[in-house]
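There are structures below to look over.
After this come two complexes, each holding subunit A, first together with subunit B and then together with subunit C.
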Partner chain A sequence: MHRRFVASAARNKKTSHSAPGPCVKIIAMSELFKVTIDNITIEVPAGTTILQAARKIGGEVAPPAMCYYSKLKGSGGKCRTCLVEVSKGSEKDPRPMPKLVASCRTTVMDGMEVKNITSEKVIDARAGVVEFLLLNHPLDCPICDQAGECHLQDLSYEHGKEGTRFEFQKRTFHKHDLGPYIQLHMTRCILCYRCVFTADQLTNKRVHGVLSRGDHAEIATYIEKSLDNDFIGNVIDVCPVGALTDKTFRFKNRVWFTKPVDAHRDCDKCCGEVQLWMRGDEVFRVTARKDEWGEIKDSSKGSTGWICNECRFEKKFASDWTIEGPTQVNRHSVISQGHYVGLKKPNETFEKVMNGREPRLFMDIHSVSEVNKPEIQLSLIHGPAHSDDFKENNKD
Partner chain B sequence: MQTLIPHNADESRRMMQSLTNRAKPVDRRPMNFVDRLYLPAVLKGMSITFGHIFKKPPTIKYPEQTREFSPVFRGLHVLNRDEEGRERCTACGLCAVACPAEAITMEAAEREPGEENLYREEKYAARYEINMLRCIFCGLCEEACPKDAIYLSETFAPSNFARKGFIYGKKDLLIPNPVTQPEEYAKAKGKR
Partner chain C sequence: MAVKLLLEKAHVEGIRTYDVYRREGGYRAVEKALKSMSPEAIVEEVKKSGLRGRGGAGFPTGMKWSFIAKPEGVPRHLVCNADESEPGTFKDRYLMEFIPHLLIEGLIISSFALGSNATYIYIRGEYAWIPDILEQAIAEAKANGWLGKNILGTGFDCEIYVQRGAGAYICGEETALIESLEGKRGNPRIKPPFPAVKGVWDRPTVVNNVETLAAVVPIINLTGEEYAKIGVGRSTGTKLISACGNINKPGVYEIDMTISVEEFIYSDEYCGGIANGKRLKACIPGGSSVPILPANLLFKTAKGETRYMNYESLSDGGFATGSMMGSGGFIVLDEDQCVVKHTYTLARFYRHESCGQCSPCREGTGWMEKILKNIDTGKGKMSDIDLLWDIQRKIEGNTICPLGDAAAWPVAAAIRHFRDEFEWHVLNPEESQVRNFGLAHYADAREVVA
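Right, the complex of A and B next:
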């Protein structure tokens, strides 16, 4: 596909479909290209990819992306979920592109017309891509810690078909511990390479990568080397599925039962601007702040808000943080369940009426219930809870 | 077509149709001689009363006798085990998030090596509680469960004087283990 593509571009020398080189960028800075995506026209600087242009419009027009991450250089082009149809190449060469193109890697041309959700072909192809991504992905969402904020869940729900035609054994791997804080479930990995780019670009020495080829390809560290770098925890945030998860949060709670809160602290290594996932006063998990595309937001200083391991894994007390307020969560997200907005607690009038006597409770739930004991703080257990963590307080 | 819009209160009363056609207008005529004797009316009433002696009673002698529940009855919850006696619940929290009364709470733990005969998945509910005082027996937890772990049975929660008896933990909810307790399992399963 690409070869034909470049050939047509070469015929028309003033336009270039391939990734822009430095010289193109210099010319391009000044001029704006008009591009129409799903009948919505927008002007973007030359060198912008179709995906970025679509994200500028926002909403359903933006194609989903599993491997592309705007904050990581070189990412994209692997998962094929962002395929779009280019119905008109450009103003000068109005021929449509012969095949669907990956919008994260294709730059816009002046007068380009792109069809995303308005194209039958794209919807069909995307459903096929989802089916392929789910071939080897286990359906263990009930166990997976990522469930509720998983991009693959959203993708298959919004763009996939109900059934699968795959009748064979799924590829399985053993669980790996990547250092003391990160759990790798290779079985769930979709090989998006985001974590590899993160380690490459954020840390000074990458010790994990993709080994083997084809069906055997897996994320691995050389001889189980632990990843002890200050910023390696960010691979958890960039992972679109539950392949890389936080071991300090493992199985502690479901994300939709915890409440995201924006908080910050003075950190000499990172920006220190994070999201705390709290339940009551307990801090269950610390992550970087995400934008509407599920990518890490820019911090107030302007750089990408990567956070360091100390902030992520070791600051699990509310007193470590300055809490700014609850995070705005999309109303349609499962994470917004149970967050009662504008709740007013009624004033207790009993004591006033009864001259200071407290109401006699028929039952104090904590005296009966074994769940959510105030004195047991699950969030402070180092790893996932085990049977012996619960035995100490078992009545029977 | 006849219009059915009443114009005033009288008209609306006249137009009101009875649902069953069994309503009888009250007879307000003055009583005649037979009516004033009272005896025929008394005898008529007594015959109805004594006639019931020979009819089948509509009530049953609870608690010695119990009625059969309908197969779709939504009663007390049970936590299911698989054929090997392992707990099916994996503490995914979908029942709790589906619960409109917020009656379900749980705490999860990771299965350790050696516990494979106890729990089906690598994560399990170390604690699982249903507050039967809150529960409205709607069955949404049963619908939400992806692991066939929770079912609403054909019994109801026994009455209790204290509220604390209605907080059902795992030991109250789990069905008997079909491998280690086959007799209790068969008893709990009942006829069906």
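Right, the complex of A and C next:
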């Protein structure tokens, strides 16, 4: 095992030796490698990772990734969900790799053959990783704000088993407030380190990190410090689970009830290009625009579309934004359900369907219910909605 | 009769001091190497010697050295891995404590061979008193012109720095060690790139074990060919074994890898037999991470050949019927030891030491510990044994660094060889709390023969 590491180190060394300086880099960039993933061959530039090549093919061939985030340098390799089998190293050195490799951190070689969903070993190992990730995860999806757009949910639906073999108490942590906008639910965290990389790469000074080790490792600020940086809100977007949540949105609505709308505003801090998650005219949540892999898209200016705290947390009225139109959610997940994609408007009118009769309201739910008042803007209530909020309003 | 290359002078009065060490022939190798040999020639000599890494993996040192990248204008570094944290292994401690100048001498030669002007010794924090010994030795070497600027007029500069760890087993893994040395959290890096290309501060780095670097001294003194004649096959030279457990004479022994395991345990020159007249039950030949071997597979391989204390013979039969030389932490268990409790103890250790970076190791080690605790305390179920097997299978090979493998192997080997003991614990929950399973069919191989 060790021998192979060093042997491939030698290979690496050789390439870096014969290719010093920037001129060779350009040659390397233009060079195309042929790689076969699950019997589909694709040509990608040298230096592409297996995961990125598989994402170009798309669909089920793309391995799931919980910790890798293409916009964050240095991320990946930790969660082990993207393990793939390399059945042929390259054209020059056709030996298979002895162990499964993390596709997010392994670059392709010319003539490489990779097995993802066609490999029993990979499917078995991935099921194991899903089980490991869920061991200490509370599975509190019914009360978790991330439910519906949670990558761990998607992963366990697709690759997990219906039951667990873990018969012990799960490890738990207390909830922490990281400043006025972000809440940390460490119990749900899968330690992907994405938020650590985000703080490293977007802010001048990171104030949170990983404390302790092993299964007691936690994301923390050590002494309860608040994260205050104009761009720190992006940790909510990169978090694959519900560990870091938006306090202005907590318990306000289920994500699948809200409709995503592309919008923009002139912001002097960030690109100002966002997604509004609306219900009716209410803006419940503002996030950056995400692609089908759940990663933040590039803005129209070309750079990654990170958004600032002001856009994310303080601009909660439709009037703050110029609305461009409904977002097409490409992600294969609950949030993509029923969101204008492939929507066909019916030609028939109500009257025609009902044989000429006018539709009639049997009962106005709002007039009988004490807690269902459309005039009360849920998004404006501080904290989770409570029946008192409606009663007070009734008195007024 | 036994050849001693490293510990030959370890018991000379005052060998810790420079004067005595020098009088006993110390620093001859540095003189020879720096004055009459080129760096390439030293690497070549180490290659010829067949020296294999003494830290556990047993990778040929000369080959490792030749992999180091040499880009123009980028400094290179040698790092000595003295983070000896493997349970059962204490050979490096002995070497550094008693004969520190041997390590310093090896480090100077190796730094010269690799072109490292700043060499680091990363020592585990629990060895609280050893950094002082090493720093004393470094100061003495420097005062006598073996370190510093322009050593022996060759134009080669070298400084050695001692860096203490803070008590993490994972920092013995080379990339975690590098992270820790840089002042970061000791998380292993994802390879590639390998340290030979990007190591400390992204510079080409070689990380070697204390014993490996000390062994460079006799190689230079004897020449590579002569060194290769000691030992057998690809296991050349001598190896320090730290023997512990239920034996009469625990301690650090230097062996030349031609003696049999049986001789090592029973000969008075080495372990001196099992303590208190008990019988041998099992043995972990290479530190806690390597598979445990029952007595009947320890002296003879599955093919019926005698098992010797060397890399090839100990790993004969793969993991099914063999084990590994590892780092030389030889742990002997007698008939009164409980394999289940033993495995639980190890699982607890690995759970505590997992860095928590990758999911199989972070979650799997904790899970295995909990199940083993249940079995040990008589709350286990029969299905738990198969579950343990399945968990270790899903950890092994799927992690970033070898700690996952190291946590999985002891559990796998214990279940493979001692499954009936686990089953007995499950079936007799009360009895298992008051007495031990004993030997059963792993009877002492010597007795079976007699």
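Everything that follows uses one rule, which is that the second predicted complex is superposed on the first by the 323 of 396 C-alpha atoms of A that agree within 3 Å, B and C clash if a C-alpha of one lies under 4 Å from a C-alpha of the other, contacts with A are read in each partner's own complex, and residues count from 1 in each chain.
Convention: a residue touches a chain if its C-beta (ideal position, glycine included) is under 8 Å from a C-beta of that chain, and two chains touch if they have at least 3 such contacts.
The structure presented is a predicted model; accordingly, all values stated were derived computationally and were not measured.
Visitor: After the superposition on A, what does A:L155 contact: first (subunit B), second (subunit C), both or neither?
Guide: A:L155 contacts neither subunit B nor subunit C.
Visitor: A:A54 in the overlay: touching subunit B, subunit C, both, or neither? Say first, second, both or neither.
Guide: Neither partner.
Visitor: Under the stated touch criterion, which partner chain does A:A102 make contact with: subunit B (first), subunit C (second), both, or neither?
Guide: second
Visitor: For A:L276, using the defined touch cut-off, is the partner it touches subunit B, subunit C, both, or neither? Pick first, second, both or neither.
Guide: Touch status of A:L276: no partner.
Visitor: For A:C141, decide between first (touching subunit B), second (touching subunit C), both and neither.
Guide: first
Visitor: Based on the superposed arrangement, let me know which partner A:G77 touches: subunit B (first), subunit C (second), both, or neither?
Guide: second
Visitor: So, does A:V210 touch the first partner subunit B, the second partner subunit C, both, or neither?
Guide: Only subunit C; A:V210 stays clear of subunit B.
Visitor: Counting touched residues of subunit A, say whether subunit B or subunit C comes out ahead.
Guide: C
Visitor: Regarding the shared-chain residue A:P384, is it in contact with subunit B (first), subunit C (second), both, or neither?
Guide: After superposition on chain A, A:P384 lies in contact with subunit B alone.
Visitor: Which residues of subunit A are in contact with subunit B in one complex and with subunit C in the other?
Guide: No residue of subunit A touches both subunit B and subunit C.
Visitor: Please name which positions on subunit B make contact with subunit A in the complex.
Guide: 90-94, 96-97, 102, 105-110, 112, 115, 121-123, 126-129, 131, 146-147, 162-164, 167, 169, 171
Visitor: Which residues of subunit A touch subunit C once you look at their complex with the stated criterion?
Guide: My answer: residues 1-3, 5-6, 8-10, 12-13, 16-17, 20, 76-81, 83, 99-100, 102, 105, 124-125, 128-129, 131-133, 135-136, 165-166, 168, 171, 190-191, 193, 209-210, 212-217.
Visitor: In their shared complex, at which residues does subunit C touch subunit A?
Guide: By the definition above, subunit C touches subunit A via 57-59, 63-64, 67, 69, 71-72, 168, 170, 185, 190-194, 196-197, 351-360, 362-367, 370, 387, 393-395, 397-400, 402, 405.
Visitor: Could you please specify the touching residues of subunit A with respect to subunit B in the complex?
Guide: Contacts found on subunit A: 140-143, 147, 250-254, 256-257, 334, 337-338, 362-363, 365, 367-372, 378, 383-387, 389-390, 396.
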